[in-house]
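This report concerns only the one structure given below.
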Amino acid sequence: MLEVFIFATLNGLVTGLLLFMLASGLTLIFSMMGVLNFAHASFYMLGAYFAYSISLYFGFWMGLIFAPLIVGVLGAVVERYGLRRVHQSGHVAELVFTFGLAFLIEEAVQFFWGPDTKNYQSPDILDFPLFTLFGQEFSAYRGFMIGISLSIFVALYHVLTKSRIGIIIQAAITHPNTVANLGHNVPLIFMGVFGVGTALAGLAGVIAGPVLTTFPGMSIVLGSIVFVIVVIGGLGSLAGAFIASLLIGLLQSYAIASDVGMPELLNLLGVEFERSHPLNDLWTLTLPQIAPILPFLLLVLVLIFRPTGLLGKREE
Amino acid sequence: MKKIRFPIFINSLLLILIASFGINSSAQEPVRIAFMDPLSGAFAAIGTSGLKQLQFAADYFYNSKGGILDGRMIEIVPLDNKQSPTETQIQFRRAVSEELRIIFQGNSSAVANTLNQTINRYNRRNPGQEVLQINYSAVDPILTEENCSFWHFRFDAHAAMKLNVLTDYIAKQESIKSMYIIGQDYSFGQAVSDISISLLAEKRPDIEIVGNEFHPIGQVKDFTPYVTKIVSSGADAVITGNFGADMVSLAKSIIDSGLDIPIYTFYAAYDGITATLGADGKNKIHLIHNETSNPIPTERRKDYMRAYKAANPNRDVTQPRLVNALQMIVQAMEQTQSTDPYDIALALEDMRFMTLSDEEIWMRGDDHQIFQSLHLSVQTDEEIEFDADNSGFGLFSFFHVPAEETIVETSCQMKRPRR
Amino acid sequence: MSQLKKLSVWIGYLVVMLVLPQFFDSILSISIFNQMAIAIVFALSYNMLLGQGGMLSFGHAVYFGFGGFLAVHTLIMIEFETVYFSILFIPLIGGVFGLLAAIFIGSFSTHKAGTVFAMISLGMGELIAASSLIFVGFFGGEAGISGDRTYGPPFFGIEFLRDVEIYYVAVFWVFIATIFMYLFTQTPAGRMANAVRDNPERAEFIGYSARRVRFISFCAAGLFAGIAGGLFALNYEFITEENLNAATSGRVLLMAYIGGLGYFIGPIVGAVILTLMNSLLSNYSDLWMLYLGIMFLLTVLFLPRGFAGFIMMHQVAWVKGSIKQLALPYLLTGIPAFLLMLSAVALVEMSHVEAGALQFMGFALDPALLTDWMMVGIVGIGSLIAVRKSLPRLRDAWESANTIPNEDGN
Amino acid sequence: MAILTLNNVRKDFGETAIIRGVSLDIEEGEKHAIIGPNGAGKSTLFHLISGLYKVSAGSITFKKSEIQDKAPYEISRLGLARSFQVTNIFQRMNVFENIRCALFWSKGYRYSFWHLLGRQKELNEQAMHVLEQIGLTDKALFPSGELAYAQQRALELGIAIASGAELIMLDEPVAGMSHSEAKAAVRLIRKITEGKTLIMVEHDMNIVFDVADRISVLVYGEVIATDTPEKIRSNSSVQEAYLGEVATSA
């Protein structure tokens, strides 16, 4: 039973950190510009597809470097010519714009790369088991994923809290106008942040592509879990997003790993039920079955009892 | 005081737009057959592949040779239902509106069930304008059991038949002592799990079912947690009915974990899956299906596959059943000299037909279920003449069960329309 | 606006709906009109939340779906005669259960508007959509559940076998629902919903709890969404978890936004446009979703107040009678713009077609031939230049047509 | 008899105490002005009484019931109406609608979704009457967000007085108005609050001395004096607080 727990923790860590890379970009964008970027997962998909195309000619590592840059530039262009124009029509307009953008990116990906699954493989030099525990290999590539995600967190945290540009961004999160009065070109900062945010999502795509299969529906499968993390973590709080990502990654991994469910609970309580009982679906409900919806359950509970999220500062 | 106007401008726009799609007429009336499957959205790859194969088959066998029923061309009309039951309802009304009375459909048992109910209801309410459902790959047994209908024909073996053959093979494998079953949490996934467990208990009671797992369809990002459970359960083999991205991700996670056990599947090939699994999938990925893959038994079929490959370089013949279905329907039309679904249905019942592989298949009249030989293949790159996804890897059939041995009873009490 | 003029609008609305099947009686047109009817009620109910009440919901399909599911279950009960009444009331059943679902969820989600409300609605939407796949008994898994509308007592001999009969039932409910949703905006609760949208804090100081005002609008929207769900169940005699999930919630948001949130008829315009696009465009190209995405982005960028907003912008010109001045400039810019769009679509389709020539508007465009590419390119560039040239003229015409001779000068 | 009693009310944000123990009685029908330098906590006091902020300590009694823990809408229903220093109106609704919304509760409409406003003659007339009082009749259908600043201040005043509450609290009602507009507003305030109790925050001493029966001086969260206008004018501690040192006699 121990090895299931260890591997569940490792899997939870890998998924959680991957979600963090996505959420970190979104937290910045969302808290800075109050924009609920529905297209964030689509930029993640673009990262995977660009990396796939680059890796065909130049190998995985060039993809790792250039794909996020391309996605970041694309994000900056979208902010400059799309979001900035829609900004004055209010938050709903911005949100609906990103909603349409996600829709368009998914169709464009199918148009350029075709509808079938892409054969995007992880690099060969990382294609060996880092260690084998109780018969299951933990590939070096997953170790690499953890390494990259952690370094992103440390780098981002350092930039945001220590460096000058970080302080300006932090200030612009809550008081954009005052920052503008101090002579900083806030629109440029917005564009920069949106570009960096999308680049981070692209990077997550590059990393996750080989493991989570690269296909047009990968952004839908990811779906709105990224918003759950940002909101649970608390608006504008990077540390909050980090904790929430790990929490959700581990929660899902443990839920899937466990075999417990209503049947066990009922046996505990000594309640008998037969198959034809109308509530049969409820009685046979197992934790792995509801694993993917646990984050949403968490979201609704957090929002009811703690609307600002775990470490949220900004109260809407 | 708010002014609301429904200006004439909007009305006229509405009327023009709708009027623009009138019915077109043409000289020699073509025989129009509808092909309803996902042609856009997440499952577009599977649907488009089927459409291309049916269109090619119609041209290759009939249109290039002067058509059928003295000179009438076959026209395949695509209907994009995005593999959604709701969209299926909308596209069905479009088919009826354009007098398409034969509808091919294959992807997702949920859609097949919805279409089956809709067609039964429509035929009941519109005698004389009935519509025929040609199911070329939805394998949920219920369609030829409780929900069997006179207007539904299935040209693929259903899940119970395929699992019967699979469990026959597994029963012979002494090395397999424990089995792990994992599938999508919907009707087909549950059917695969229930039938596998009952058949294995019957044939090999000593095989222990160490896992019976369900996961939501199309929702799982990373299958590693599920694979951890498979590894720790010590299973010797895995059975899964997954398809599309769920199949690829599951197979990749199992292979990445270093687990070297056979994976018995229904849909783990073609449309980019074989290429993505590639060398790692060799001798691990097994598929149960009808129509043998490599080695191809007859030259006729090889010529057809080469012709298709020439016309569609980056596509494969993934649904050979489509050819059988089309040929049997055309034979029914030729016999009855009519394209009325009622006549075609009667002619199809208990029809025996020689396929491209020189194998006789039989469409049972009681439940409109086809019976043909079933095969177990493995993904490999040895002795592969026709590969998948131009990847050098393909399916090699190594276990064969003739049609007669695949026949199973049916609980279908078909209500026959009075004519 | 005089009472008579208002009344004539409503009568015009009813007449248009009644007369449509006479012009287009093919089964497909009726099915499109049915879809439009359902979409109109659903989009209007959504606008009660967003347009009138300022509540951005990502889970409005929950009430549509609940209403629909209970409606289908009622159909099944009528079939087995556990309960027996005419299927005319099925949409009302849907409405009641949509209302009950809204009361339950609204009780905790309407504390705040803004992002918190949006996120709770998203969470609840995903939760209920996912659990609908788990509780197969009630929701019927992803094949959904189906009933039969012909078992109820016939209504003056009508058995509701054909879709067109259901269309008239839909027209009845659409008209009733539209009237009541409009009247709701003319009541204290409706007006306070606008007040709470603009300034929830000040609303509290004139004796109203913002939460309660939002709750009432939320329940009313749930009721009418449930009626739309009931209409769906009646029309398709089937419903599945798809009609409950986030994609459906997203579609209704698109309809209301494209139509125009700020105007009562906005969602109606949006519902009509999107239903037509969904059903007709997909016949002509399998890239139709790409075009839908592009069109949607352009609307958000250039028509922030939606199509109804665009129409209403001509109100001043219409009143002043100077609308005729605009006709010519619109044509001068409109035609080249249309050509530009066509050439862009042709280029996209040519690069997408796999083999052989593309049949496009009567022309055979072969991607292998450079000349065809050149021809489309020239048409595209030509129309682009024409559009740029004619834009200033349109802008001036627009200025002149819309400036009101100001008496008091501000 | 006191209609409103503040008993040792305190309010602090984190460590900084804004209101340091204010006790004050407002007599029924009295015109009471609250003056004091900027940052003295005048607006905070208004927010505490009207329920926007929760008191850190002490109690507030209005017509014999304690209201320090009640929500703003509960307090307003008891007959207390207020205006805001920073204009706080319903921007996208027109002027007439703004006023009419303020009338709903007092006219007993509560959360009705069955009364058609088009038919409520008496309600609409009352609303038009208020519009006439604040001189915005010709702007009735004008979106209130697009009014000139002074007109928005007039609307702010209109919303406060529309409900006919017994206790009316005005937070710098004439700030930003021209001299003539201010004069008209003061005449209106005096007319409307006849027989009613008024609490007003105001900087313009002429208006304060013209309208107020009694004046309280609030400095650094404490009331240093409450008295008739004449006594306050000559009160040394008031002058010291205002002018920094004892001025020679006026």
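Letters are used for the chains, namely A, B, C and D, taken in the order the chains are written, and counting of residues starts over at 1 for each.
By definition in this document, a residue touches a chain if its C-beta (ideal position, glycine included) is under 8 Å from a C-beta of that chain, and two chains touch if they have at least 3 such contacts.
Remember, it's a predicted structure, so these values are computed and weren't measured experimentally.
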Checklist line | Co-neighbours of subunit D and subunit C - touch as defined | finding: none
Item checked: Computed distance of Cα centres, subunit D from subunit B, in Å -> 75
Note to self: What's the distance between the Cα centroids of subunit A and subunit D, rounded to whole Å?
What the structure shows: 50
Item checked: Separation of subunit B from subunit C, taking each centre as the mean of its C-alpha atoms, in whole Å -> 35
Next item on the list: At least two other chains touched by the same residue of subunit B: list those residues.
Entry: 1, 40, 44, 48, 185, 216, 219
Next item on the list: Please list all residues of subunit C that touch 2 or more other chains.
Entry: 130, 134, 287, 289
Next item on the list: Could you check subunit A for residues that touch two or more other chains and list them?
Entry: 110, 289, 292
Notebook entry, point to check: What are the touching chain pairs in this one?
Noted result: A-B, A-C, B-C, C-D
Note to self: Quick check on the complex: what are the subunit A residues that touch subunit C?
What the structure shows: 34, 36, 82, 85-86, 89, 92-93, 95-97, 99-101, 103-104, 106-108, 110-111, 223-224, 227-228, 231, 235, 278-282, 285, 289-290, 292-293, 296-297, 299-300, 303-304, 307, 316
Check: In the complex of these two chains, what residues of subunit A are touching subunit B?
Finding: 3-4, 7-8, 11-12, 14-15, 110, 114-119, 129, 132, 134-137, 139, 211-213, 215-218, 220-222, 252-253, 256-257, 259, 286, 288-289, 292
Margin query: List the residues on subunit D that touch subunit C in their complex, please.
Written below: 50-52, 71-73, 76-77, 81-82, 84, 88-93, 97, 100-102, 104-106, 109-118, 159, 163
Next item on the list: In the complex, go through subunit C and note every residue touching subunit D.
Entry: 183-184, 186-192, 194-195, 197-199, 201-209, 212-213, 216, 220
Next item on the list: Please give the residue numbers of subunit C that touch subunit A in the complex, ascending.
Entry: 50, 56, 58, 108, 111-112, 114-116, 118-120, 122-124, 126-127, 130-131, 134-137, 246, 250, 253-254, 257, 261, 287, 289-290, 292-294, 296-297, 300-301, 304, 348, 352
